[in-house]
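What follows is a set of structures for review.
Across the two complexes that follow, subunit A remains constant while its partner is subunit B and subsequently subunit C.
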Partner chain A sequence: MRYYQGLIKRKFKDVVGSKYESIQKEYSDYILTEEEMRPREIKTILLPLDFSVTEVSESICELLSAYENATVTLIFITDAQISEIIMASLDKEAGEEFIQKKEDYGTRLLDDYEHCLNSRSIPCMRRMFLGNKQQDILKIAPDFDLVVLPKCYASNHPDSCAVSGDAILLAQSLTQPTIVF
Partner chain B sequence: MKILVLLDGSMWSHKGALYALRIAQEKKTEVVLFSVLDKRDSKSMAFNFCTQSDMCSRIENYESQIWRDMRKNINDEMAQVLLFFNREKISTTSKIVEGSASEEIIREAESNGYGLIVMGAYGRNPRSSGNSLFPKLINKLQVPVFMAR
Partner chain C sequence: MLTTVQLLALVVFIATYILIIDERIHRAVAAMAGAAVVVFLGIVPWDSMLEHIDFGTIFLLMGMMIIINVARHSGLFEYIAICTAKMAKGSPIMVLILFSIVTAIVSAFLDNVTTVLLLTPMLLYITKLMDLNPVPFLLAEIISSNVGGSATLIGDPPNIMIASSAGLTFNEFITIMGPIAAVDMVIVLIIFLVIYGRSMKVTKEEKEVITKTINSLDEQAAITDRKLFKKAVTVILMVVVLFFIHSSIGVYLHVIFPFVDPSLALEPAEVALIGAAIILIWSRVQPDEIFEKIEWTALFFFAGLFVIVGALVNTGIIEMVSQFMISMVSNQFEAMFVIAWFSAFASAIVDNIPLTAALIPLIHDMSATMDVYPLWWALSLGACMGGNGTAIAASANVVVLGVAEREGIAITFMQFLKIGMLTLVITVAVGLVMLYAMFGML
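Moving on to the complex of A and B:
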């Protein structure tokens, strides 16, 4: 890759031969190999959604249209732990009502995002399930080339949230490129 | 949509530039390469060197030498990346400013109508840790941030 070779030549212009190899080995935490430097081909995109997302971001749909032939998987997760607490502290009916309300909201949100993406010819898949908003994303994410994360993802206070702790933690823990919006 | 690419000298930020290039090619957008020189970096490098090497009598010399090298290095880097982007027919400009990285980036991002900010996921830190700038930026910015890995 021309860009990579130029960069290495500039950064290590006073280093020759095997010395560079030993530096690369010793400082591998800071140096990318040529293979690692190559941007991923973005074919699969994960877009997690939840109750904290109050509106569709047209600008994100527009941005994702840059990845021709990529498929976006929309995932809406309802917090299983909260529904269990409601069931335990109130009753089963209250817990089921909680889940139903969240899933109704999720269905509308997924519809809106699907429309936003499809209108730009971006194919979509959708999933909705009860689970752990953070752990499940960490488990699923390795199957995708790019993760696109709402800033207040998993926040319990979306109205007053600037960015959620879960969004920061996920963005820093994932191993694939991530867009936070 | 205009893209702001944050270059901090790390290879991750260069990888970010390559991701930005692809988006810019596809969306036919303008790119601004942006770098912040922070005097505190040269100060801390000089201080660490002097305290580790027991040669603190020349700390001011170290600091000014490091500062000169940082300036030269980022100017050279910018020029090369700019050349590369222009060869790829992407309308690109570059800016180097002095100050606090988070403050200058937020100022730039908010005042010039960007649609995306691209940065390396690890900055100049080892890949085992995150980019310490990210939480500060994402807390303030209204623009999507792309973290390159």
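Moving on to the complex of A and C:
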């Protein structure tokens, strides 16, 4: 058996040479590898939220319920840079008031999303912090299997935006699967 | 009794063939070394060495290698593989049937090794999608390649060698070997469906998923160079047409150009070289890139074999074996029987190329006492179908088994032998009966 295997290897090498490697490479351009064919297991989902999100999307809650045993982490980020500008240009109180308003809004939004997910038996965690809406997501995202982005995430004009620049940039930069809704 | 020179020629021949079977030394190196020894010993004098090399075979192979290498650049084979996969519509049995038929047809007109090398990755991909044992599919591909290759003059190296040496035409091959290959192909498919058909089942839901995944493959994306693709297809079709009319091309040309002699005929090697020249001029592919990809090792392997067998001719060993054979058989019927079965079983052990190289001068030698025309077809049948006998009997077998081994699929020697020998016996038997019928010997 060992002689036979060695014989086939020797004859294959002599007949084919290095052609097979180049053929494999050509095929890999349009057919999936074995690893790619295996569906990726989704256990952790990141759902970033901000002021641009005005209402809970029932359809995205429904979609996330398809990932059995996955935990959704809701994150609400208030732009730290804007808070600093407000504090610097007006006063500390105005800055704190700005942050408080955003946090109140964020708490309500997180409550609503949590309710929406829990009603479909999707376990979820929540966080709220001051930071950079784009850079912080890029830092956190590698710990998650899937990122779900609101289409107008980080937009200053959520009513008129089709897809925000930050949502596009994040979708392009993240290595894990991303859903933009 | 053998003379010393005869003994030396025989020892070199046997030693070289053992090295070719074992392949610890590259087969081309073994053949060249054997040739070098017989030339060095003066068994084949330098002056007559070139007479033994069949340049018809060498140049035909070279021309086809150039055409295939240019066509490969365009993604033609991958395009064929994806289209075949789509046609099967997720049915495992249809995958087996369609891939076998496509492999047989492509192998009939193009090189078997390139055909199986380019179709096997797609076949493996589909069997992975279907979550089915790929072994029956791979075995069917190997056998179809060998059966398909037997149908034409350019389909399999033994046919090229026989045609070049015996002066047989493309049309003679397709009219005599074509029907045999077609009938044998149907029988092979029936054998596979009877043996493996029950295990090739997927549920309706799985079938839908498989179809959806395969349909998502874009055959157009496989075409890396659209212009080259069209040119390659055109030249291949033109070459096939030229092969059909190569022996009577003068008749056709005379109608258009009256100054052309109607008796003008082209050798198959000329057709291949004309096709190669046209594709190189038309495609504008850098010739050095293509010439680098010519399988020089294969060409030197053939050249070496011709010289080693030439040593047996020069020393009279072939004549002795031929005399022995003639004494054993009393007519063409028996000679065809012996040649077909001997070449089939010997091909299974030796590899059909060196076996054919050794048997060609033997049949030439027998022409002194009988009409050997039917014997060439018996040799073609035995050598081509004998390629199915064992895992090492033909290059296509080694290629598919090597690819499978790299992908972690083990096909044991015995696993191959069982189906290979069964196919060999049935296809040769059916083919031989058909040959007897064609030559009015039944």
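By our rule, the second predicted complex is superposed on the first by the 148 of 181 C-alpha atoms of A that agree within 3 Å, B and C clash if a C-alpha of one lies under 4 Å from a C-alpha of the other, contacts with A are read in each partner's own complex, and residues count from 1 in each chain.
Operating definition for what follows: contacts are C-beta pairs under 8 Å (C-beta built on N, C-alpha and C of every residue); 3 or more make two chains touch, one makes a residue touch a chain.
It should be emphasised that the depicted structure is a prediction, and the values quoted were computed from it without experimental measurement.
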item	value
Greater residue coverage of subunit A in the superposed arrangement, subunit B or subunit C	B
Touched partner set for A:Ser121, first subunit B, second subunit C, both or neither	neither
Partner chain in contact with A:Tyr20 - subunit B first, subunit C second, else both or neither	second
First, second, both or neither for A:Asp29, with subunit B first and subunit C second	both
Subunit B versus subunit C as contact partner of A:Arg10, first or second or both or neither	both
Partner chain(s) touched by A:Val180 [first = subunit B, second = subunit C, both, neither]	first
First, second, both or neither for A:Ala162, with subunit B first and subunit C second	first
Intersection of the subunit A residues that touch subunit B with those that touch subunit C	7, 10, 29-32, 37
Residues of subunit C touching subunit A in the complex	22-24, 26-28, 75, 78, 82, 113, 117-118, 121-122, 125, 128-129, 217-218, 221-222, 224, 297, 391-392, 395, 398-399, 401-403, 405-406, 412-413
Touch list for subunit A against partner subunit C, complex	1, 4-5, 7-16, 19-20, 23-24, 26-27, 29-32, 34, 37
For the subunit A and subunit B complex, residues of the former touching the latter	2-3, 6-7, 10, 29-32, 36-39, 59-60, 62-63, 65-68, 151, 162-163, 167-168, 171-172, 174-181
Partner subunit A, residues of subunit B touching it in the complex	1, 10-12, 14-15, 18-19, 22-23, 26-27, 76-77, 80, 84, 115-116, 121, 124, 126-128, 130-131, 134-135, 138-140, 144-149
